[in-house]
Each structure stands twice: as C-alpha cells, then as structure tokens.
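What follows is a pair of complexes built around subunit A, which joins subunit B in one and subunit C in the other.
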Partner chain A sequence: MTRSRLWIAVFLIPTLLLFTLIYAIPIIVMVATSFSDWDGFGRPEFIGLDNYGNLPGDRQFLLAVRNSLLWGLIAAGIHVPFGVAVALILNRRPFGWRFIRSISLLPNLIPPAALAIIYVFVFNPGIGLANQLIQAFGFENFQANWFFEPGTAFLAVTIVWVFYAGVIILITMAELAAIPPELRESALVDGATERQVDWHIHVPLLRNVVGVGVIIAVTEVFKTFEYVFLTTGGGPGAETMSLGLLIYNLATVRFNSGYANAIGVVLLIMGLLAFVLLARAFRVTESARTR
Partner chain B sequence: MRTPKERVAWLLAIVFLIAACGGTQSGTTTASTEPSVTVATTAPATATTAPATATTGATTADPMAMECSPVDYAGGPVTLNFVWWVGGGDTASDTLFTDALACFNQRYEGKIEAVVDYVPGGEDYLAKLTTDYAASGQLPIVVAPKRVGDLAQIWIDNDELVDLKPYFDASPEWQDVAIEESTTFNTIDGKLIAAPDTFVTPVGLFYNMELLGQAGIDKVPETWDEWWATLEALDAAGIPAVSLHTQDIGWSAMLIFEALVARTPEGVAFLGEKYPTDYNHPFIIEASRDIARVFQFTTPDAVGGAYTLAANNFLSGVTAIMPNGPWMIGEFRDPALSSEGFGDKIASGLYPGPVAVDDAGIQVGDWGIGVGYSPEETAAAAEFVEFMSGPEFTRQRVIRMGSIAPNLPLPAEDLASLDPLAADLLTLIQDNNAPILPGYFVQWTSFIQNETIVQGLPQLALGQITPEQFAQQLTDAAQETP
Partner chain C sequence: MSQVGTRANRSTGVTRNSGGGAGAVAGSVLRYAVLAFVLLISLAPALWVIVSSFKTNAEVLGSALSIPANPSLDGYAEALTRTKFPLFFMNSAIASVGATVAAIGIFGMAAYALARYDFWGSRAIYAVLISSVFISLIPMLQPITLVIRTLGLYDTRWALILVYMVKGLPVAIFILHSYFKTIPKDLEEAAGIDGANMWQTYTRIALPLARPAVAAAGVLIFLNSWNDFLFALLLTQSENTRTLAYALRFFENQFSYDFPTLLAAIVLTLFPSVVVYVMLQEQIQKSLIGGAIRG
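Now for the complex of A and B:
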C-alpha cells in the first residue's frame, strides 16, 4: 500500500466507523427484525415474509406510499423548479436581492415542528388566515377545515413545505456563481435577452445541481413526519398518512415494531431507487466527471 | 337543607361503605369486567364529619399545606432520577405533583432526593419512556404504569416492575387508604406490580351560565331532551354550545360519547368491559350518530383541534359547555387563564342520564418501580411511591381536586377547602344516585384512543363516514393486536 493510500484509509476510518455505528447496525437490525413479530422490547419471533405479505392489503400503507410518490412528484415538479427559478431571478441582482435571499432561507432556520404549528393557525377554520383571506376576496360564506376535509387536507399539508426551497435556492445560486461570467456577457453582446441566457446557457449548466436538488427534495419528502404529525396526524382517516408517521404509529402506539421495520425497509428501498433513478436521469455523476 | 359541605361529607361516608363492601376483581390486568360505581343515597348517617385519622398527618391551619415534617429513614443518601411531565393542560395536577415532590424532598432531606426530568405532556412522557426502554432495556427507577397505556402490559409481561408487596404489607397507613379493588387488580401472581389507587375522580360538565342565560336557559340540562334543547337554544343565540376537539384522544367529545353509549343498560355493561373487541352494537352506532350531531354545535376549529384549544374556547367565554374533570376548576379561578370572576359564572353538571365518568377506573396503578436497581435505591423509591399513594397525597387530591377517597375520612375543615364547583359535582352524583362510568381511556386500547379515534372522529364529525363505519373502524382496531 502506497503512503497516500494509507493516509486515505486513515482519514476514511472515522467516517466508516460512524456510519457503521449510526446507520449500518440499525439498518441491519431493521432488515432482520422486519421478518419477525416483535414488540420492540422483547425477543423477536421469526415469521418469515408475513409482514411483507400483509403490506398489499394494508390500506394505510398503500395510502402512505401513494402520498409519498405524489409528494415526490410535487417536490421534483414544483418545489425544485420554484427554487431554481428564484435563484435565477436573484442571480440577476434585482433591487433587494440580498434581502429576498435571506428571507427565502428563513424557513430553513425554523424547525419543521414550529413551521407546522404556524400553519395549523394559518389553516385554522375559525381564526385562520387562509379562510379570512378568501372571505376578504368576496367569498364571505367560504369556510373550510383545510387539514381535515378530504378535498383540501393533502393540499394543505403540501403547502406547508412546497414553497420553502431555501436549500435549492442556495445551492443553485452557488452553482450560478461558478459559471464563468464571460458566457453570459458574450451572449448578451450577441443580442440574447436575459431570459434566453437563463434558458439556453444557465439552465443546461445547472443540470448537475438541479439533479442533486431533486434527489435531496424527493428523499426528504419520502420520510416526511413532522409536517403530517403536527397538522393532520395522517387524517382525515389516513388521507395524508406518510410512511414516516405510519412507522412511528406502528412502533410506538401499536408496539408492532416488526411490521414497522418492514415498512422501513420499503421506505429505504424507495429512497435508494429514487436516488439511483434520479441520478441516472440527471446524469449527476457523469456531469461531475465531465466538468 | 344540607350545605354542600355536609353533602360532601355524606357522600364520602357513603362511598366508604361501598368500598368496604367492595366486590372482587380479576387478578390479571386484562379481560376483567369493571362495573360502574354507583353512589347510593340512602346510607346511614354516620361519620358525616369523621375526624382525621392519625395517618392523615397533623391538620395544618391551611388544609392545602402539606405535612412535610422530616421523617425517620435509616437509608440514603440516594438520588432518584425519573421522568414526569407538566403542562399537559391539567394545571391542578401539575401543581399538586410539584408541591408533593417538594414536600417529599423536605421530608427526606439529606437522605433521599427525587429529581425529575420534566417533559411537556403526557404523550411526550409515553414517547420518552417507550424510546428509552427500547434503547436501554431498563426502566427509570420510578415509573407511572397508568400513564403509558398498553406499554404497561409489556412491562408486566417482561417482569420489569418491582414487587411492591413487601413495602405495602409493612405499611398499615398505606394499606388503609388503598382501594381494595385496585389492590386486587394490581396484584399479579402474588406480586403487587404498582401502587393501588386511593381515590376516584368523577368527570362531569361545566356550564357557563351567563352564556346559557343569553340563550334563555336558566338551568343545566338534566335529560337528553333538555340537553338537545339547550344546544339548539345556544345555537339560535349564535353561541357555539360545546367545547370539543378530536386530537388528544378526542377527550371532551368522547366523554359525551360515553354518556350517549350509557343511555341503554347494554351500553353501560359494554363500558364496563375491558378491551372490548366488537363495537358493532346499536348503542355504539346511535352514540356515533349523536356525537356527530353534537359537533354541529361547536366551534369550527373543533375538528382537528387539540384539548388546549377546546379548553381555551371555554375559558375565553366562546363556548358554553366544557366536558372535563374538577382539576379544571382552578383555571376558572385563575385570572391569568380566564377573565376576572369567570368561575362565578360556572355551574357543575352531570352528563344527561344522569351519569359521570371516572377519571381513572380500576386499572394498573399510578406508580411503580423499575427493576435492576440496588436494594438501597429500590427501598428509597418505595418510600417515594408510598408517599405519592399515601394518605397525605390522597388528602390533598381530595381537597384540591374534588376526588373521592373511599378509605380516607377527612375532617370538616379539610372538606370546607373543596371548591364549591367540585362540591356541587359530588352532591349531584349523590342526589341523583348517578353511576360513575369507567372511562374509555382506561377500557379501550391505546391504539384505539390514539389512532382510531383521532383519525376517525373528524371523519364522523364531518360526515365523511357513517356511524356504522365508525363502529367498524373501532372494531377493526380492537381486533388488531396492539
């Protein structure tokens, strides 16, 4: 082993050690106990594939998967494009851009729990801002219990997070700053508009960071917990159930940790699949190599 | 005409006799059937103002001041670290606990110190105990089995609780105040797995008579016909009638639901069942239909709302009726929580029937000790558990919160400290021979309380599911092994 390889190994040891302790061992336990009947405390009893066999007939699980996939699509289709669009606008340095950049990051500084509680009041059917705003626009009789009516609950939970794209804005702006300014300047000299510069020069060069942003956003919403737990509790019925909340309920309310871990395995596989497919779709690693 | 004070003394004397003649109870913690407690009205007129026994400690000038004189204790010094919560909305209980904790530490100063790691609410207590137990496999030295729902059964099954029997048997004062049925219930295979209960707390309704007056109503409803008429009148006056919520096990709504179930003898018998597995009964379906109707007479934020929201709606004079226990009375008298003189507008009432609901019921006890600690630590914890289940704490519970302690006679001056609203509730129970129903929060599984009700009640209230579907949801959840 060369001296440089030895040093690489030395520097990797802490990371590998921490990963093993904090992630690898729990993941192994999760996978192993997902084949068991286990209350989370005593000795797990091996039951083969029974937990996995129960998943297709579990309405709450199916709704949670459906919601996770929908939120994943919304994250990729609205949340990330919104963040990129804001970053492109801010990149033009309009009046007050620093202020807007700062406030767009504020929600990232607020704990998700606090943000959820704020929206509990925003969507409160009695005193909430949402109803009052709609009533102020002339719909005096409008009255919605946003978080608990089937037609609005999913939308309301989604609104809590969808427009808070601070991380996307930040990483996109960092990537935009790394693009040589000569590209933009020469395009402008050739008669291109700012919009054309963004669309034909900046956006293609942002493919890498957009891909990373989509991976972050999609895997994040797959494991959504606080926003659902503190607003709808997964209701009405299980209309807004998330996989994270379902796992929590199974483990801490029903003490069915074996089944909860089977769903945890499904969540892990969904996250890995999303990562691989999105990385491939955006050619993230390829871009990193070629640039 | 008896004064409220005399009536309470009567009631306590009567409950006494009932407890003395108490029936038997299953020796296991599951599948037992608990009959509702009925307070008779024709008991002999004895001991209406029974003197405090020696075990209640010296009666101080202020009855609410606890007896905290140092006690002889050979062991120690030992520090007991455990988890508890304050801020769950029950300020009277919070205050009683913190006062009792300070009193205990004063009694055992230099020998035992109880140090509490507070969490913000009962659900957080359950979450912390669950997580810590899963992670470490060991319980804190002092635990509250009653407060952890179905997790307590896992502790019992895994033999995680110290046998309190040697300590209990060695303390006549503790034995005297304990409710015999609770002692029997908490004795499993000869071991006392948790401290027996020493009191019951009836839960009724509170009415804002000023708001009722605005609706042309001058008395609290006693029958279901009067109840619906009251709700209609309040609605016509533009007043949201009842404070309700659906989170936090749907507490306020489900109390009314219980009373609705208890309209038939079959319903009363059903409420006495521990962990019922079939809710597809006409009385459950009818109660579901009517609780959905009650939701038409509440605030728009009740569906999806938490207990604190419902409580605030009542305390701020928005709603006219609040289903809750006497621990809330302190909030009516606290200008920081309600308007000046708010308590004077309030009247106590029973649920139509009339019935009350028992805040606790015969179930696993409030205090236990985790295994795996040294004999000296365990003995110190037993001192704490005995204190928190003993005569002094029970006395405080009665005079501060209107609980009924069947085995603890109290002097008239102690009972005079009881808030008139709490005294009125006890008087109503006595005068109406009202059954005190076992609570759904004791009889039904944690899964049903924390998940099925929280998810299904909003659907029922908003008409998204039928009463039959709600009953089926409860059945499905009950049949799923927790």
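Now for the complex of A and C:
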C-alpha cells in the first residue's frame, strides 16, 4: 500500500512541481502585485485598487479592449462561418478537396511571426504585392501604407489572420464525416437539394463543433501578439494595440509591472468569461469537448 | 436523430421545387470561387515571397508582379553566410524537441497515475491540471519572466523548454489520460502479479500501448514550441539561444534595403515548417482534430 503510494507520488511530483513553478506561482504573483506599484525588481508597494482605478482613463488600455472585442466578433462572425462554409463545400468532395484542405491548414502551421513578416511585405507601400495588385486592376493611383495609416491599420492586421480558418475547416469536416450518410441520402430521395441538406440537416448538427471553433478562435484573438508586435507595433497611435502587447510594453519597456499585471488579470478574466459564455451559448457539451 | 430527419423532410416538402436550374449553376460557381479564394489567400503571399527571393534587388524594387529575369540564389547565399542559421535552427530544434520529449515523459507519468489510481485528491488534481487549458500564459508574461530570472535560467534554452512544456501540459495530460483510460487493466494487473512495480508496468506495458496518444500530443507540443515567438522574445537575448521564429525579428534591420536576402531568410525560416507538415500531414491533422480544445 505505502509502496504504491510512494510510486504515485513519484509519478505526480515532477508535473506538480512544474505546474506550480511556471503556472500557479505566476498567477499568484500576477494577482498579488496587481494591487501594487512595482517596477518588477524591487519591493512592491501596496496601493490598493489604484491600478484598476486607472484603467478606465487609459486610452491605450481601452483601445486594446475594444480591439480584442472587435477581433472576437470578427472571429465569431467571419472567421468561423467562413471556415464552416468552406468545410461544407469540401464535404461535397469537389475536385482536389483533399489538396485544398491541406493547403488551407498551412498558414496555421507556420510560425505566426513568419505570417506577420510576410504581410509586412505584402502591405509594403513601395514594393508590396497588395498595392501593385490593386493598381494592376485599374486603380492606378491607389496608394496605401496599410499598417501605418489610421484608416487601414486595423483592417490590415485583421487580414493577417481572418481567412486562415484551416483548423476550423479541419474539425468541421471531421464532424461532418461523423454524420450518418443515410440522413443526407434519405433527404435527397425525398427531393431535397444539396443546399437544403446542408442548411437543414448538416448545419444544425454542427452546433457543438462550431461552438468549439468559436471558443478556440475568440480566445486565440484575445491573445494576439505577433500580428501586431511585428507589423504595426500597436499603432498608429494605439489603433491596433492588443492586450498582450500592452502588457509586454508596460512590463519590459516601462517597468510598470504592477499595472501590467492588473491588465493581465483583466485579460485572464476576459478569456475565462468568453469561454464560459460561449460554451453556454453553443451548449458545448463535455462529450463534444472530450471527443 | 429521427427528429432531425423529420424536420428536414418537412422543410424539403415545402421548398421542393425551388432548387436546380440557374440557381444551382450560380451556386456551384460561387462554391468554386470560394475554394479558389481559399487557395489564393493561403498560397499567394508565401509564393510571392518565395518568387521575389530569387530576384535581384532592382527587380524587387521595380515591380511586385514581375517574374525574376535571371533567378538568382545570391539572396540565399547571403542569408546563410551572414546569419547563424544553423545555430538558430539547432536552438529551435533543441527547445522544441526537448520540450516535447520531456513533456511526454513527465506528463505521461502524471496522466498514467491519475488514470489508473483513484486516490484521495486524484480527481481534484486532474481538474486543476486540465483547467489550465482555459488560462493562457500571456496574461502572466511578467511573473513568468520573473520566475525564470529567479531560477537563473534567463537567456538559456532551459527557460524555453520549461515554458513550452507547461504550454503543452493541459493537452498532454488530457490526451494521455483519456487514452490510458481506454486501455484494459488486465495486462498491467498480470504484470503486477509477476512482481513488476509501477515504473515497470508503465514503461513496458502502458506507454508502448499509448503510442497513438503520444504521437497526437507530441505533434501538438512540438508545433506550438517550434512556432513560439513571444517567450523567445521575453526569455532570451543572445544569439546563442535565439530560435528560428524569433530570429525573424532581426532580419529586417540586418538586411534593410537588401530585399532578396531578407526574403530568402524568411523562406529559409518557413522551410522546416513546410517539410514537417508535408512529412507528418496525416498525424498533424489527426492531432488537431483530437486536441481541438487546446490552450
């Protein structure tokens, strides 16, 4: 008995140690120092709720929250529906469907930093593909410095990820493959068109996987970092600021770690809230998640 | 299921005659347009960078839509001689392979203990470990940096390995735990009667049987580690620890106004990811489906 207990301890301790060190302790430090004035090195000075009180007046913070929410909406309203639509199309097995599915996943598998840098070139006002393509299509005087103009920066940052729905396509197709084909066949025999089968049979059965996809996509865009750090730097002004980048700037450039950690607490709560609310909205079940 | 069937039948009854004809043609045109768009947006930016990397600097500055007149490898030669590419590649490989192997080794043991033994607190421990899937490490980036500095690991590959492991913790525990649950206990019990201890039953019986789960979790941890930029930015400084994905940040300054070299450096950075994807495509797709709910 004690021998097997000893073994269990041996099996668990390394994991628990690592979890405590890089996970539990940082959470505790983040929450505790969010109530302090702290440069990240010296002694934190307790200042109560001052850091949180300063948030509503902080333009950069407000813009970062606005951007996260907007990106969350775009993820749920464009990114995921686009992926689901492509999955429904590929599910009809058109010519080259396997190839298209594979290719669609490629942008999700290269480092996000590489994708960001590629778009730095695509949107480069001098040598970039975007402007010259638009000019070639007849808008000869078109000129935009995509990542650096207030009117286009947010759009440009969004374009870097919004149509790369490979993971959504993949998991939706897996779910479609699990739907018994008799459902589709009997509906077709009854005179339904393929489109009606998609709308009335497939889409309702996709609720769970769409819920999972929306949760993944929304929590992912809350974590946006490379796509702004390497392109706009959060600018112009703070137009494209993300919460991750703001925390990074505050902690490493301005040594305002107490305040950075208060924003960390906000980001953590936003992520949890998004998860809980979306899981409830889509009635994502345990069985779907543990599939 | 039957409910869905009747609902579908009812609605098709109403709109039976609306499909087909011009609408169907328009529909299939639209579908192919969407697929063409997917191919274009997924490939064109990278292909354009690859094509441009074979141009001369004058050609890059000339027209984005041109084809290189005399495709040249000068950019690649420059990129390879003026940066420490092999070193960055090795750093990426050490950090991500190291993190993957260590994560499977250590979290596999925990997953096994939690799946096989029902002891006081076992469910609570599992719940706490899994709950970390809902909380990413990004909010804690300052305290994590502090912990790594305090441990004296700043600017070492160990720092990256530890953080990448923890990033992979929930997915590894989840996938391995649920797989161990599906393996019948009989074999292990027989081994136990023969006097094997927990370590021996784990390494000789359970782990080899769990190979599909190990592959599924391993691929996800490896890709996540290989693609990381943020923690390399936070936790490393010198060229000796610089990873490939992080090195991208420095190319722009190093090769400013030398576009072919800069673009070649980017292509070289992409190359390992593409090779890994082509080689492990099936496994990667399986892993992504299985681990759809990751961090």
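Convention: the second predicted complex is superposed on the first by the 263 of 291 C-alpha atoms of A that agree within 3 Å, B and C clash if a C-alpha of one lies under 4 Å from a C-alpha of the other, contacts with A are read in each partner's own complex, and residues count from 1 in each chain.
Here, contacts are C-beta pairs under 8 Å (C-beta built on N, C-alpha and C of every residue); 3 or more make two chains touch, one makes a residue touch a chain.
Since the structure is predicted, the reported quantities are computational estimates derived from the model, not experimental observations.
S.K.: In the superposition on subunit A, see if there is space for subunit B and subunit C together, and answer fit or clash.
M.R.: clash
S.K.: If we overlay the two complexes on their shared chain A, which of subunit B and subunit C does A:P81 touch? Say first, second, both or neither.
M.R.: After superposing on A, A:P81 lies clear of both subunit B and subunit C.
S.K.: After the superposition on A, what does A:T252 contact: first (subunit B), second (subunit C), both or neither?
M.R.: In the superposition, A:T252 contacts both subunit B and subunit C.
S.K.: Tell me the contact category for A:F19 with respect to subunit B and subunit C: first, second, both or neither.
M.R.: In the superposition, A:F19 touches subunit C alone.
S.K.: Is A:G40 in contact with subunit B, with subunit C, with both, or with neither (first, second, both, neither)?
M.R.: After superposing on A, A:G40 lies in contact with both subunit B and subunit C.
S.K.: If we overlay the two complexes on their shared chain A, which of subunit B and subunit C does A:P125 touch? Say first, second, both or neither.
M.R.: first
S.K.: One more residue to check, A:Q143. First (subunit B), second (subunit C), both or neither?
M.R.: first
S.K.: Could you look at A:P180 and tell me whether it touches subunit B, subunit C, both or neither (first, second, both, neither)?
M.R.: second
S.K.: If you stack the two complexes on chain A, which partner ends up touching A:I201: first (subunit B), second (subunit C), both, or neither?
M.R.: So A:I201 only meets subunit C here.
S.K.: Comparing subunit C with subunit B, which touches more residues belonging to subunit A?
M.R.: Comparing touch counts on subunit A for subunit B and subunit C gives C.
S.K.: In the superposed arrangement, does A:G234 touch subunit B (first), subunit C (second), both or neither?
M.R.: A:G234 sits against subunit B, while subunit C stays out of touch.
S.K.: Which residues of subunit A are in contact with subunit B in one complex and with subunit C in the other?
M.R.: On subunit A, the overlap between the subunit B and subunit C contacts is residues 40, 126-127, 252, 257.
S.K.: Inside the complex, what are the residues of subunit B that reach subunit A?
M.R.: Listed in rising order, the residues of subunit B that touch subunit A are 126-127, 130-131, 133-134, 137, 150-151, 154, 157-158, 246-247, 299-301, 303-304, 446-447, 450-451, 454-456, 458-459, 462, 464-465, 480-482.
S.K.: Mind pulling up the subunit A residues that touch subunit C in the complex?
M.R.: Residues 3-5, 7-8, 10-12, 14-16, 18-19, 21-23, 25-27, 29-30, 33, 40, 85-86, 89-90, 92, 94, 96, 100, 102-107, 109-114, 117-122, 126-129, 131-133, 136, 163-164, 166-167, 170-171, 174, 180, 183, 186-187, 190-193, 195-197, 200-201, 204-205, 209, 212-213, 215-216, 219, 223, 225-226, 229-230, 244, 247-248, 251-252, 257, 260-261, 263-265, 267-268, 271-272, 275, 289-291 of subunit A touch subunit C in their complex.
S.K.: Could you pull out which subunit C residues touch subunit A in their complex?
M.R.: Contacts found on subunit C: 1, 4-5, 7-9, 11-13, 15-16, 18-20, 24, 27, 31-32, 34-35, 37-39, 41-46, 48-49, 52, 60-61, 63-65, 106-107, 109-110, 112-114, 117, 119, 125, 128-129, 132, 134-147, 151, 162-163, 165-166, 169, 173-174, 178, 197-199, 202, 223, 226-230, 233-234, 244-246, 248-249, 251-252, 259, 263, 266, 269-270, 273-274, 277, 281, 284-285, 288-289, 292-294.
S.K.: What residues on subunit A touch subunit B, complex-wise?
M.R.: Going by the criterion above, the answer is residues 39-42, 124-127, 143, 145, 147-150, 232-238, 249, 252-257.
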